[in-house]
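Here the structure comes first, spelled out in C-alpha cells, and everything after it is commentary.
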Amino acid sequence: MALIHDALVQLAQLLLMLALAPLLTGYIRKVKAYLLRRQGPPLLQPYRDLLKLLRKEAVLADNASWVFRTAPYLIFATTLIAAALVPTFATGLLFSPAADLIAIVALLGTARFALALAGLDVGTSFGGIGASREMMIASLAEPAMLMIVFTLSLLAGSTQLSSVAVFVQGPTIGLRVSLAMALVALIMVAIAENSRIPVDNPATHLELTMIHEAMILEYSGRHLAVIEVAASLKLLLYFSLIACMFLPWGIASANGDLAAFAIGLVSYVTKLAMGGFLLAVFETATAKMRVFRVSDFLGAALMLGLLATLLLFVSQAA
Amino acid sequence: MDRLALDVAHLFAGGLVLVSFMLLYQDRMFGLLNIFALHALVVSLSVAWQAHIQSAPHLYITAGIALVVKAIIIPVALRRIIVRLGIHRTIDTVGGIGQTMLAGIGLVALSIMVMLPITAEAGTLTREDLAFSLSVILLGLLMMISRRNAVSQIIGFMSIENGLILAATAAKGMPLVVEISVAFSIVIALIVIGIFLFRIRENFDTMDVHALERFRGGQP
Amino acid sequence: MALTIVLSCVAVLLGTSALAVAGARSSLTSFFVYGVALAAGACALGAAGAMLVIAPGSAQTAQLPIGLPWLGAHFRLDALAALFLVVINLGSFTSSLYGLGYGRHESSPGRVLPFFPAFLAGMNLVVLADDAFTFLLTWEFMSLTSWALVMAHHRERDNARAGYIYLIMASFGTLALLLTFGLLAGPNGGYAFDAIRATTPSAGLSAAVLTLALIGAGSKAGLVPLHVWLPLAHPAAPSHVSALMSGVMTKVAVYGFVRIVFDLLGPPQWWWGAVVLTLGGISAVLGVLYALMQHDLKRLLAYHTVENIGIIFIGLGLALAFRANDMRAAAALALTAALFHVFNHSVFKSLLFFGAGAVLGATGERDMEHLGGLIHRMPLTAIAFLAGSTAISALPPFNGFVSEWLTFQAILLSPQLPQWLLKFIVPAAGAMLALSAALAAGCFVKAFGATFLGRPRRSVAQNAQETDAWSLAAMFILVLLCLVAGILPGYFIDALAPVTQLLLDARLAPQAQLRWLTIVPIAASRSSYNGLLLFVLVAAAGWLGAYVIHRWASHALRRAAAWDCGFPDARPVTQYTAGSFAQPIRRVFGGFAFRAHEQVYIPPPGQIQPAQFHLSMRDLVWDVLYAPIEGVVNFAADRLNQVQSWTIRAYLTMVFGSVVLLLMVLAVWH
Amino acid sequence: MNDLGPLLVNAILLVPICSAALLALFPDDRLTGQLNTLASLLTFLASISLFFFRPAVGSFLIVDDVNVVFIVLTTFVAFTTSVFSASYIAHELETGRLTPTYLRFYHAMYQTLMFAMNLALLANNMGLMWVAIELATLTTVLMVGLYRTPAAIEAAWKYFILGSVGIALALFGTLLVYLAARSVVGEGLDAMAWNVLVREAPRFDPHLLNLAFAFLLLGYGTKVGLVPLHAWLPDAHAEGPTPISAVLSGLLLNVALFAVLRFKMIMSANPGALAPGPLMVTLGLLSVLFAAFMLYRRHDIKRMFAYSSIEHMGIITFAFGMGGPLANFAGLLHMTYHSLTKSAIFFSVGHIAQIKGTQRMADIRGLTVSHPVLGWGLVLGVITIVGLPPTGIFMTEFLIITSTFARQPVLAVALGLGLLVALGALLLRLNGLAFGEPYGKDAPSHASFVPMFAHLGLVLAAGIFLPPALVAWFQHVASLLG
C-alpha cells in the first residue's frame, strides 16, 4: 500500500515536472517581454511550438550517424529522470535512494556528453564550436556544483536531497555564511548550465556567440522538440533544486496527507514564479559576456564553492 | 761483530738514499747515468754484504746481477741510446730542482714517520733500514714523475727497483729473492728495449711509432 | 590449490615464450602463443576469482628452491593478491583474445611473441611474491619484458627513445624499492615478508620507507612527477600490449604500494595520507590536462592512465588518513573505492586501447587530426569505444562513476579527521577529483568526436574497414563488464570486502542483498546509489518517449545537406579538429600548466597569403626536474672525460699521489 | 687416489706451459688454433677434478677452498675463450691483420698467460704469486701490442709502465708481510706460505701489516684497474685482440683481485690491524662513479666495455670492503658472474667488430635486424651486465645494496646512483647498437656462438638457481674473508 502511495507521489512529481517545464520557459519569456515593454508571446506558446515541431518531418544531415538520432531521446530521458529525483512539493520520493545529489549532477553530465557528441556528429564548424565551448563551461561548472553539494552534505550529513531538505527545514541550521556562498555559487552555475545571459543567450542565432544553440543547430522536427523539452526541464530542475535545498519551506513530507501536498504544491509554484521573475529581471539587466570571460565567471563560482566547503571543514571539528 | 755488521748495512742503506738524492739533483744526462751506476754499485755492495753476514751464498747472484746489469750494461746501453736517438743532453724537470729536493726530503720524513710505530722486534732489519728503502722507492717514484724525459724516468724506475732489492735482501732469510731480482731485471731490460724500439725520445708518451715500421721492416 | 593453478599457468606461459623464440616466424606461432596465453589467463582468472569468492579469508603459500639460495622463492596467495590476480588475468585474457586477431598483421612478430607471455607471467609473479627478492626480481622482469615489447617497433626513432627512458625510469623505481626493502629487511637480511611483518620499524624509518615506496611504485604507476616515461612508452608498444601496460601493469604498481604501505609497514601516521592525497590530486588534474593537449589517440589514453592513477591514490591517501586516526569504517570505504577503481580502470582502459588499436590497424593512423567519420566505417568499434569513453568519464550508468562516487563519499566523511592540514587538503583533493572528472568528459568528447564522428579528414579514414571478430569479441566482453559493474556494483563491492578485511580488519556492510540492489556505503539516510534502477528508468523513459513520438507524432525522415547556418558545404577541413576543440580549455588551464602560448598571424586585407597559427607548449615537469639531471650528468661526463687523454706521467702522478696520501693517512692514523 | 692429486695440480700448470713451448715451435699454422683449444680443454678437465680429490698442501702449491672455484672458473673461461679465439684469429688471418708467425706467437703467449694465471691462483707462496702475476702482465703486454698499430703500441707501453710500477709497489708490500711473519713464524718458506700466514696472522705486528696492505692494495689494485690506478685498462682492452680483452676482463682482473683478497684475509685475521674496509670501499665507490660517468663519452665499443669492467671491479671491491657474510658472498658471486658475462660480451663484440670492420659505435647500428643472433646476444649480455633480472648479477647487486643500506645508507645510495648512471650510459649505447635501422656492412657472421651463449646461459641459470654445494663453498669463503 505504502509502495503504491509512494509510486503515485513519484509519478505525480514526474508528470508535474514534464507539464510545468515549457510553461516556466514561456513564463520567463513573457516576463522578459514585459520588462522590455513588449507584448511578448502567449504563455502557452512553447507548447504550441513543441506540438508543431513534433508533427514536422525530421531533416537529417547526410552523414549524421545513429548518435545524432538517438542523442535527443537519451538527453530527454536522463534529464527527465534527474528532474524526477528532485523533490518538488513532497520529499521522500520512491526513487530517491536510486540517486543522491552527486548522481543527479552526473546524470546531467551524461546528457551534456550526449549533446556535445551530437554537436560533433555532423561535422560542421558550428557544432564543433558549441561542443567545445560547452565542455569548457562544464569543466568548471561541474566541480563548482560538486563543491556546492559538498557544502550542503557537510551541513546535512547527507547527499540525499530529501534529507537535506528536511535538515534545512529543521531548527539546527541557523544562518550560515557558507550556505549563502553556496547559494550564490549555485545560482551562477545554474545560469551557466542553462545557457542563460550573461553566459549564453538562448534566443540568439548570432553565429559566433552561441553555445547551446550551436550544438543543436542541425536539429529539426521531433528531435529539436525533444531537445527543447529537455532544456526547459533542466531549467525547471535547477529551479526546484534551489527551492528544495535553500528554501524548502512548505514542502510536504513523503507520508503527508493531501492537504500537505496541496500546500507543498502551492508553495512550490510560488517559488517558481518568484525565481522566474528574478531570473528575467537579471537577464534583462545584464549583458552577455565574451566567451572567454565565462571561465572567470565560473571560476568565481568554483572558488565560492570551495571556500564554503573549507569553512565547513574547518568549523566542523570531529 | 753483529753490531758492526748492522752498522755497515746501515751505512750502505743510508748511502743509497744519499745517492737517490744525487739522482734527483743531477740535471745532465750523462752525469745522471754515472750516478745511477753508482746507485747500482751501492746496492750490489749492500746485497753482497748481506750475503756475507747472512751467509746466504745465493744472494751473491743477486749482487752480481745488480752489478753487471745495472751498474754496467744498462748505463752503457742507455748512453748509446742517447747518442743514437739524439736525446737532449740536459733534462728538463717539472718544477725546479729545488722544489723536487724539498719534496724528496718531505718523502723521507714521511717514510720515517710511517715506520716509527713499527716495533723494533721486526728483526735484524730495523725500522731505519725499512725507512731507508721506502724513501729510496718514493724518491724513485718522485723522479719518474718530475722528469720529462724517458731515460731519467727509466732511471727513476730502476732506483725504485734498487730500493726493493735492498729491502728484500736485508730481510733476513727471505726466499725467492734471486728469482724476484731476475724477474725484475727482465722487466727493466724490456723497458730499455722498448725505449730503443719505439724511439721514445723525450717522454714515455711521445713515441715516434712510424719509425717503428721502418725498424721492423713492418707489415701494413 | 588456486596458488598451484596460477603458478602452473605461469610456468606454461614461460614455456610458451621459450617456444616462441624458436619459431617466431610463422603466423601459426602467433595463433599458438595467443591461444595458450588466452587459456592460461582464463585458468588463472578462474582460480583467483574462485579463491576470492569462496575462501576469501584463507591464504595459501608455496616455496620453490630458486632465487636466493638460503631463502628460496616464497609465494603467497591472499585476498589482496587474489584481487589483483583477477585484474591481471582479466587483462591478459582479453588482450590475448584481442591479440588473436590483432597479432595477425603484426609487422615483426619475432619481437612480440616471445615477450608477450613472459610479460604476463612476470605480472602474475609480482603479485604472488612473498619475499623481497622474488618481488623485486619479478618486478624488474616485468619491466624488462615490457621494455622489449615497447622496443618491438624499434625503427621509429621515438620508440627507441621511449624504450630508453622507460627502462631508465623503471630501474630507478626498482632501485628505490631495493632501498625500501633494504630498510625493511634490516642488516641481517630478513627478506621474507613474514619476517618483515613481524618487525615494526621506527617512525623515522617508516617515513623513509613510505617515501621510497612512493617513488618506487609511483614511478611505475605513473604518479606525477614520475610519469614522464609513461605517455612515451605505453603508446609505442603494440596496442594489446599498451592495453596491458596501461590497464594492468600500472595496477601491479598500485599493488606494490598497497602491499608495502598497508601490509608490510606498520600502522601509518596521519601525514602519510596528506602526502599521498596531494600527489594523487596533482596527478589526477595534470594527467587529464596533458591528455587534453594531445591529439595522438594512444598517447591521450596513456595520459588518462596518469589521471586515473591519481584518482586511485586519492582513495589510498584517504584510507591512510582514516586508518591513522583509527576510523576503520571510513578507511574501509576509501580503500574499497580505490580498489574498485583499480578494477574499473583496468577494464575500460584496456577497452579503450583495444579500440585505439582497431583504429590504428584499420587506418594506420594514431593522429586524431587525420581521422574522423569512422563511426560509419567501423560501427561496432565505435560503439565499444563510446562505451569506454562514457565509463572513463565517470558518467552513470557505467562503472567509472560508481568508484568515483564512492571516493566522493569517503571525502565527505573526512570532516571528522582531527588534523587541520587534512581538513584543508581533503576538500582540495575533492575539488581536484571533480575537476578531473569534468575535464575527462571533455577530453573524451574530443577523442570520440574527432576520431569517430564528423567527416573523414584523410583518405585512410575514408576507406577504413571494421576490425576482425576476435578483437571485437575482446572489446565487447569489456563493454559488458563496464555495464555490469556499473549497474550491479553491490556484488563487486562485496567481493572487495575480504581485502579491506585483510588490510584494515574492517569492511563495508554487505551490499548485494539490499533492497533493489541499492548500494549504501554508510547509511541509507546519508547517501545511496542504484545503478540498475537509474539504467532501467532512463532506458524506459527514453524508449517510451521515442515510442510515443513515433507512434502518435511523425516518424518521417529526410536526408539533406548539413544546414550549418546556411554555409555551403565546405570540405572536411572546416570541421573542428581535436586541437581546436581543446583550445578553450587550453586558454583556461594551459597558461599555468604548460606555458601554452598561441600566435595568430592574419595577413592584412588585400594580401593573399594564408593565415598562420602557432602554438608553443612546454612540459614544466620535464623542464624543472629532468632537464637539470640530464645537464648534470653531461657536465660530469665531459669534465671527467678529460682524464682519458692525459699523459702517462700524469697517470703516474696519480699513482704516486695515492701512495703518498695513503702513507700520510697511515702516519696520521696513530 | 692420493697420488693423483699432485699429478692433477701439476697438470694444470704443466699442460699450458708445455703446450706453449709446443705452439711456439709448431710448424703448421693452421692447426695451432685447434691445438690451443685442446690444451685449454685438458687444463679445464684437470681443474674440474680438483673438486673431487684435493692434493695435500705443498710448500709452493696449495689447493684450498679459497682458490679452487677460481681455478675452475679461470680454466673454463680460458677454454671457451680459446674456442672463440680459434674462429676469431682465423678471420684475422684471412684479412691479413696477422701473419702466421705472429699467429704462432699469439698462441704460445696465450698458453703462457694461462700458465701464469693458474700459477698465481695455485701458489701457496706470496712471492711465487707475485712472480706469476708479473709474468701474466708481461705476456698480456706483448699481446696487447700484437697488432703493432701506433695505438696498440702506445696502449701496450702505457700498460707496461703503469703495470711495472704497480708490481713494484706490490713487491714492497709482500716484503713487509714477510717481515711481519718472519718474527713470528721464523725465516724460510713458511713465512710466505698462505696456509701458515692465515693461521699465524693474529700474532703479526699490526703496523707492519697496515703498511703492507697499503702497498699491496695500490700495487695489485693497479692490475685490478681501480680508479685512480686504472689508466692502462681501457686502452689495453681496446687495442689488443678481442680474445685477450676477454681474458683480461674476465680473468686477469679477477686474479689480481684474488691476490688482494688473500691479503685481506690476513688483515681481517689480525685484530690489531686497521680494518681494510674503508680503504676498499673508497676505492670501489670511486671506481664505480668514475667509470659510470666515463661511459657516456665512449665512442669505441671495446673501450666502453673496458670501463664497465672498471665499474664492476669497483662494485666487487666495494662489497668486500663492506664485509659481512652477505656482502662478501655477493662479492665472490659477482666476481664469477662478471668474468663470465664480460667475456661473453667481448666474444660478441669481437665478431661484431670483425663483421662491421670497425669499433666505432657510431658506425654500428640495428644489429638485431642485420645479425639477429649476435645482436640479441649483445642485448642479453648488456642487460646482464647492467644487472637486470633474472640474471645472477641482479641477485648480487640486490644483496650488496640491501645489506649495505641497513648499515651505511649514504654509501648504498651513492653506489645505487652510480649503478643507475652506468646503466643509463650502457643502455643508451645499446639502443644505438642493437636497434634502429641497420647500418654498415652486413657480411654474414661465420662466428662460433657457443661460448657466448654458454656463458650467458650459465649466468642466467645461476640467477635463478644456485647449486647448494656452490652456495656452501661461497659462504665458507665469505666467512673466511671476515
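The first chain written gets the first letter, and so on, giving A, B, C and D; residue counts start at 1 in each chain.
The criterion applied here is as follows: a contact is a pair of C-beta atoms (placed from the backbone, for glycine too) under 8 Å apart; a residue touches a chain by one contact, two chains touch by 3 or more.
Quick caveat, the model's predicted, so the values are computed rather than measured.
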Fill in the blank from the handout: Larger contact count among C-D and B-D belongs to C-D
Fill in the blank from the handout: Chain centres from averaged Cα atoms put subunit C and subunit D apart, in whole Å, by 44
Fill in the blank from the handout: So, in whole Å, the Cα centroid of subunit B is separated from that of subunit D by 31
Exercise for the section: Report, in whole Å, the distance between the mean C-alpha point of subunit A and the mean C-alpha point of subunit D. Expected result: 78
Problem - Intercentroid distance (Cα basis), subunit C paired with subunit A, Å - result: 35
Practice task
Would you mind listing the residues of subunit A that make contact with two or more other chains?
Solution key: none
Handout entry: Sequence positions of subunit D contacting 2 or more other chains
Key = 157, 161, 165, 207, 211
Problem - Set of subunit B residues in contact with two or more other chains - result: 114, 117, 141, 144, 204
Completion exercise
Chains touch one another in the pairs A-C, B-C, B-D, C-D
Practice task
Mind listing the subunit A positions that touch subunit C in their complex?
Solution key: 54-63, 65-67, 73-74, 76-78, 80-81, 84, 95, 97-100, 102-103, 106-107, 109-110, 112-113, 116-117, 120-129, 131-133, 135-136, 138-143, 146-147, 150, 153-154, 157-160, 163, 205, 207, 217-218, 221-222, 225-226, 291-292, 295, 302, 305-306, 309-310, 312-314, 316-318
Practice task
Write out the stretch or stretches of subunit C touching subunit B in their complex.
Solution key: 647-649, 652-653, 655-656, 659-660, 663-664, 666-667, 670
Problem - Touching residues on subunit B, where the partner in the complex is subunit C - result: 94, 107, 110-111, 113-114, 116-117, 138, 141-142, 144-145, 148, 153, 203-205
Completion exercise
So, in the complex, the side of subunit C touching subunit D is made of residues 65-70, 132-133, 136-138, 140-141, 144, 151, 154-155, 157, 160-161, 163-164, 167-168, 171-172, 175, 178-179, 181-183, 185-189, 191, 633-634, 636-638, 640-641, 643-644, 646, 648, 651-652, 654-655, 657-659, 662-663, 666, 669-670
Problem - subunit B residues within the subunit D interface of the complex - result: 114-115, 117-119, 121-123, 125, 130, 133-134, 137, 141, 144, 157, 160-161, 163-164, 167-168, 171-176, 179-180, 183, 186-187, 190-191, 194, 198, 200, 204, 207, 209-210, 212, 216, 218-220
